[in-house]
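What follows is a set of structures for review.
Both of the next two complexes hold chain A, though its partner changes from chain B to chain C.
Coming up: the complex of A and B.
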């Protein structure tokens, strides 16, 4: 009888200890903690690829494959995004019909600010991306908005990224529950499987960077937006961050959302925040 | 022999409804079911491209009067749409398993 009581007491104590140990973790897991998320995200890639220099992750597949990197470095002498860059510079300086320019819409007149986008707009209660801010600038000055996926938008963002090259990504998440919710929503979108192929963003860019998917070498998720916009040989042209999300969705056989949908804005916020500290390398060139 | 002929006729008549060609009403019912499932998936913001294609193929075949093909495509669209809503529902929690912590 004594033995039975001791056994019962022992089991009860063990159960209590186990509960005490696990319950704080459950609470912690449910709390939105961008700082801890970013640290874990970066550590995952740093540990998975110990030979890759941290600042090199922003070069996508080239950080994963030495042969590709050499070819890319040679291509960078006459980069395929150069025409878009020149066009973007000219467009940026050309006044609207009302005489104002893009510079009038941005802090520091739009130069060297790419690393601060997207940001959380407390007034609107939503994430504002650089592409969205550019079109709002146009509309605010009586001009028609551009397509979010290519051409003029890619040229403009290429120029703005170029003026920020080398600057560390610096995304802020204000102490605002709506900003935290946007970050969490972006994280959820990133990890959620979709499409008939049942792929999430993470299926390729967390689980398989450096691996081939057909002829492509997959880029790591860490720093993947630092190189945007990009010239893709596959597209035979430039593409924006919006275009990247839309095509990723299509490739998994999911119907893409409309460019600049809340989900896309939020996932851009999440991916940019977890790349804080890594340099802007855009505009980029990819196979 | 005399008895077997009416029997055979009776048998073939009894099987006829199952083997008959699909008609427009069958197609419309199958299409409506597929469309409803597809709308549910779209409402969850988890539509699949293949659902949209299958639904369009059903409509095209239905408009041209090929109801057998139209019903097959509509049923495929409905199954795909239901799979996508299942995915969206299960992913509400399942995504957390992929998260880097």
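Coming up: the complex of A and C.
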């Protein structure tokens, strides 16, 4: 009796393990192909805008309109994100109460690494964004986490982006079915219509980049995160990637998720991966 | 006394005239209500995507809204597009104003009245 139940248990768990090992792999092999997705995504924009230099897509609406680009270039002489950048640099260098610094939490002491975020964390089995890593660094050192959407978080990410300017986005998807699932989930979120206005992220940023909604020019999705965080005149201040996602959702009258919700982490993973090879341009300035 | 029998006729005529004036005023107010809705950012907000005569800083996503009476002689067709254009064109960016209850049937009708004047 005992032997029989052990046998049963054993074969059951073997079946479960086999299922866990094979089924996501089958899905991955059949459907999820990030390399092909990224290539198709980039080619779509390169063909739609043959006159825009590839590295220029990271400048959002300014890549789509010559007049706006000129005005922006003049503005860049005294960029509106400069205060945040200076503040971020100082915060980055200031030790926590325990004497450690942000540099102790990151590879290469946090300098020139923006292009590697978000990454897939094998231990956690989830996507980890730069904002999330910064707050985990704080909490790990006994400090309270910052708001994800603006202020200090935007200052810190502004500084980290600035030290990485020009480096090509370099997001890896490890050979792990959970990483592929995260990529696929982000892609699904990006293309799904939601909210009272029935828009997906792609409705505006794939179907209609370069078009105007009233006076505003819609940015291309390709490279849109390379410029984060951004100073937006519309916000009268800085905003992070989290803020961009939350406000996009509320502007289309959808219910925004909590910053750093799994779906947001996954859509950041998807959007960053398909921008691989395009330079980091953050911090950015937008109307 | 001689004028008495005429009174009902006169009253009826006056009533008809008043009625005509009222209904034309009503149509006029539906048109201006429709225009208001079409330009309002919180409601129809047509101007965000379409060029419309009389509207400043129009968007460029949809086609210019003009000659709509000749393009859509049947006002129901225009109303159906506003109600839910995804039925005709699943890829459209146009929000389903009726289906998602952004606008009431009455508001859609007022917008159609306005669009037919363009």
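Note that in this section the second predicted complex is superposed on the first by the 257 of 287 C-alpha atoms of A that agree within 3 Å, B and C clash if a C-alpha of one lies under 4 Å from a C-alpha of the other, contacts with A are read in each partner's own complex, and residues count from 1 in each chain.
FYI, contacts are C-beta pairs under 8 Å (C-beta built on N, C-alpha and C of every residue); 3 or more make two chains touch, one makes a residue touch a chain.
Since the model is a prediction, treat every value here as computed from it, not as a measurement.
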Determine, under the contact definition given at the top, whether A:191 touches first (chain B), second (chain C), both, or neither.
first
Where does A:212 make contact in the superposed view: on chain B (first), on chain C (second), on both, or on neither?
second
Is it chain B or chain C that touches the larger share of residues in chain A?
B
Touching A:199 in the superposition: chain B (first), chain C (second), both, neither?
second
For A:81, select first, second, both or neither according to whether it touches chain B, chain C, the two together, or no partner.
neither
Can you pull the chain A residues that chain B and chain C both touch?
196, 198, 203, 207
Considering the complex alone, what residue numbers of chain A touch chain C?
196-199, 203-204, 207-208, 211-215
What residues on chain B touch chain A, complex-wise?
42, 45-50, 52, 80, 83-84, 87-88, 91, 94-96, 98-101
Within the complex, chain B is touched by chain A residues 29, 37, 40-41, 44, 187-188, 191-196, 198, 200, 202-203, 206-207, 250, 253-255, 257, 263
In their complex, what parts of chain C are in touch with chain A?
47-49, 57-61, 86, 91, 93, 95-96, 100-102
